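Okay, so subunit A shows up in both of these, paired with subunit B first and subunit C after.
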Partner chain A sequence: MSEWIEACSVGDVDEEDLIRFDHDGKTYAIYRSPDNEFYATDGLCTHEQVHLSDGLVMDYIIECPKHNGRFDYRTGEAKGAPVCVNLNTYPTRVEDDTVFIQVK
Partner chain B sequence: MKVPGIVIVGTGECGTHAAFALREYGYEGAVTLIGDEPHLPYERPPLSKSTESSPKFVAELQAFHAANINFIPGVSVHKIERHTQAVILEDGRAIPYNKLLLATGAFPKLFPGMEGAQPFRTLEDAQVVHSQLVPGTHLIVVGGGFIGLELAAAARIAGAEVTVIEATDQVMSRVVPEQIATVAEAEHRERGVSFFFGSGVVSATENEVVLFDGQIVSGDLVVAGIGVLPNIALAKAADLAVNNGITVDSCFTTTDANIFAAGDCCNFPYRGQRVRLESWRAAHDHAKHVAAAMLGRKDPYDVVPWFWSDQYDLTLQVAGLPRTAGQLVRRDVGDNAFIVFEQDDKGAVVAAAGIGTGNAVAKDIRLSEMLIGMGKAVEAAALADPAINLKKLLRG
Partner chain C sequence: MSEKKRDYSLLGEDARQAVEQGLANADWYQTGVPRKELKALMKRSDGPAIRDTLVWLGAMVVFSAIAAWLYPSWWSLPFFLAYGVLYGSASDSRWHECGHGTAFRTQWMNTAVYQIACFMMMRNPVTWRWSHTRHHTDTLIVGRDPEIAVMRPPDLLRLVLNFFGLYDAWFALIDMMRNASGRLSAAEKTFIPEMEQGKAIAVARVWVLIYIATIGLALVTRSWLPVLLVGTPRLYGAWHHVMTGLLQHGGLADNVTDHRLNSRTVLMNPVSRFIYWNMNYHVEHHMFPMVPYHALPALHELLKHDLPEPTPSILAGYREMVPAFLRQLRNEDYFLIRELPPTARPFHGGLSNTGGIAAR
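On to the complex of A and B.
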């Protein structure tokens, strides 16, 4: 079953940054890219279950705050050691001022 | 006779990662990884951060097979024979090499008179200590550095009483500014840790420490966390240059062009000074660089050092190398988390240390690392202002 849920307001996320969003016992990360698109992934790094929301976004890469594991947040692709497992990504949609994500 | 390949001595973080990096970079010759520890390579950072003794492995046996790395644990190297290009193991085996990497790490320092204290470096050390950290026991830690304080925190969480004895007047004085040390110390006191500062140790047995002023501190277990010394014996015996570590150039080459050294055991050039780092991240960064260097890469290593420590819910991160002569600038990033930058006389950031709950300082320290790497002069006022994104300084 898939469902669109309201994650945040557009203004909650700075450009080239991310925030944490918790829903139904799961944690997600909502990103706003430098070209002003919104993306969503799992909120925890696939290496050591660390919240990515404290990590650094540079262009389209999120870097885990603990061991610098890197992912392309548009595709969830792991970009090398110490991370080798990709992040799950989720579709996003912006309506008026609200960002929705489609959770599985 | 077998065709020689690359031999790596030391199955720690650096040696192990270098072995895999060689394969990653397409090297197809023989790779042999030898070490005296009997285990699969394991991560050391968690050992002092909790009382959980089951190791976290850096690589499983299957990964060695898959990468065709000849992994020889539990055997010491007796000597390096430079004229035949072979390492001789303690059991007499000779393993030839084209290139040799010494990633021999470091061993815990113990001052004369402290021989009875428990060192803390290996999985076995950790298991001895962890098994005794139960409610009602009293742990005495000599040394208020990262390892000592992490262990103090883990012991308090496990319910043991803890006393920390520090020779200087500040915890972690080697790596963090006073403002940060004060926060960490206050947290430890709040959690019930007792401290002795400015107290040199005359002697230590397994359960008692005698201080310079004659005071005796007794407990159930004395652990020494006063630093480490590089394992240089093999290099020295092979007439390689050593000076606080095995001397290497910016490509981790020793004074023998076919022998390299990296990780905790090496002394390498960093921005006009020579340094030796004891750091998980440096072990990784060195491993990658030296693997490429052994395959012919010539560009110099220039990675900004980075350290971290976890104590209770606090995380400390440090980027760069503090010089103690620079100007300090504080940036408050919310929730009592803050960063102290050190700038040189031209305004370039040379070090940044932060403390906060969880990963509160991680992002800014990561950006600081990049700022330090760039070496560009920045305004102190901008560093101090949390409303100014460090990213902007980096790109501006």
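On to the complex of A and C.
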């Protein structure tokens, strides 16, 4: 059963950046795109489980800080070696300057 | 004398022990840097790498053209030597930076330069991307890191041969022929995912065709010139990348989880830094591989309070490294320990897994 969880406030995430969000033993990454949309994915790189929150956001790409693996955070798609497995993504919505993500 | 010999095989006993001891895929030390400052340094742009690539390739075209025009006169020699360094050494740093995807902001540019540099260095672009990934995960962890340049005890003959590219190129040729025949080694299979292995084979086959064409052209024209321009520069131009590359980790600790212990930053002249693309800032690079080469000097300034003092020159680096290699011939556990400034945080993880006797 999925539920909407309050993740952060809009102001917590800089434009073209991300933050880490932990909930119920799991870690997520919350992104703010260059066009001010919010996205959410699993917070660990699928390659070697490194926290993506230390990585670099460029346009719609998140680059893992350990080995420069890249994902499109809108879709979770792995964009090339060393990442081969896509990230899980989660729906988001913004209400009253608060970002919510839908988790299972 | 040390009692236990190191087993560098990726399939051997030390590999198993590294996993048991928590050295594989461990948490590595990082100097704390405010995110805003780190983001500024990580920021990518195409400009510096486009400029440097035009200079690099342009200089290769110029030097090779003059060399070919003057050949077979001995006046062509200095131009071949200059061309060789750009082919057999500068391509090493381009392979490295573009393999990380950090040289250019635009990824197809990284990919294009990466493929060219891989060919020049005779490093399969698939194999070496994955081996370098492992090198960053498990830097100088015995049995895990496939890119330890100087194993203990040091093979001095191999070191000398490699200044002429002979050792590395010989094994690169064997790897290429094996891959072109459709096979990967057992060691390669430990770090190249199965879904990527076919690409390694495909690239090797293309390269074999290029070398066959080069040799064919040499035979048809009855001239060494094609071979002097394609392939052999990897040998006669290798000396600079070997000279700088050995300093990265040579003589330092293994089996530690703090890059300040197993990596060396060396201050270098601007020509070497152009050839090397600032990889002399090697501690900084390992700690923050997202920072592109052109921002490494700035990163160094930000981190230096927490890092050992940089080695002041290439010569100074060799003055400390070579005696360490010679000591390691008698005792392979010997290594150089880095000194931290008073402003630095203590070394992370300790030295208990080095087995070693440290100098200084």
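The rule we apply is simple: the second predicted complex is superposed on the first by the 104 of 104 C-alpha atoms of A that agree within 3 Å, B and C clash if a C-alpha of one lies under 4 Å from a C-alpha of the other, contacts with A are read in each partner's own complex, and residues count from 1 in each chain.
To be clear about the criterion, a contact is a pair of C-beta atoms (placed from the backbone, for glycine too) under 8 Å apart; a residue touches a chain by one contact, two chains touch by 3 or more.
Quick caveat: nothing in here was measured; it's all calculated off a predicted structure.
Peer 1: Subunit B versus subunit C on the shared subunit A, clash or fit?
Peer 2: Partners clash after overlay.
Peer 1: More residues of subunit A are touched by which chain, subunit B or subunit C?
Peer 2: So, of the two partners, C touches more residues of subunit A.
Peer 1: Just subunit B (first), just subunit C (second), both, or neither: which does A:P65 touch?
Peer 2: Both: A:P65 reaches subunit B and subunit C.
Peer 1: Applying the touch criterion given at the start, work out whether A:H51 contacts subunit B, subunit C, both or neither, answering first, second, both or neither.
Peer 2: Once the two structures are laid over each other on A, A:H51 reaches subunit B alone.
Peer 1: Which partner does A:C84 contact after superposing on A: first (subunit B), second (subunit C), both, neither?
Peer 2: So A:C84 only meets subunit C here.
Peer 1: Considering only the touch criterion stated at the top, classify A:G76 as touching first (subunit B), second (subunit C), both, or neither.
Peer 2: neither
Peer 1: Looking at the overlay, does A:G43 come into contact with subunit B only (first), subunit C only (second), both, or neither?
Peer 2: neither
Peer 1: For subunit A, which residues belong to both interfaces, subunit B and subunit C?
Peer 2: Residues 55-56, 58, 63, 65-66, 68, 81, which sit in both footprints.
Peer 1: Using the touch definition up top, name the residues of subunit A that touch subunit B in the complex.
Peer 2: Against subunit B, the touching part of subunit A is residues 14, 16, 50-51, 54-56, 58, 63, 65-66, 68, 81.
Peer 1: If we count contacts the way the header does, which residues on subunit B are in touch with subunit A in the complex?
Peer 2: Subunit B reaches subunit A through residues 17, 284, 358-360, 362-363, 366-367, 389, 391.
Peer 1: Mind pulling up the subunit A residues that touch subunit C in the complex?
Peer 2: Touching subunit C from subunit A are residues 17, 47-48, 55-56, 58, 63, 65-68, 70, 79-82, 84.
Peer 1: Of all residues in subunit C, which touch subunit A in the complex?
Peer 2: Those in contact with subunit A are residues 25, 39, 42-44, 100-102, 105, 107, 126, 129-130, 133, 136-137, 193, 195-196, 288-290.
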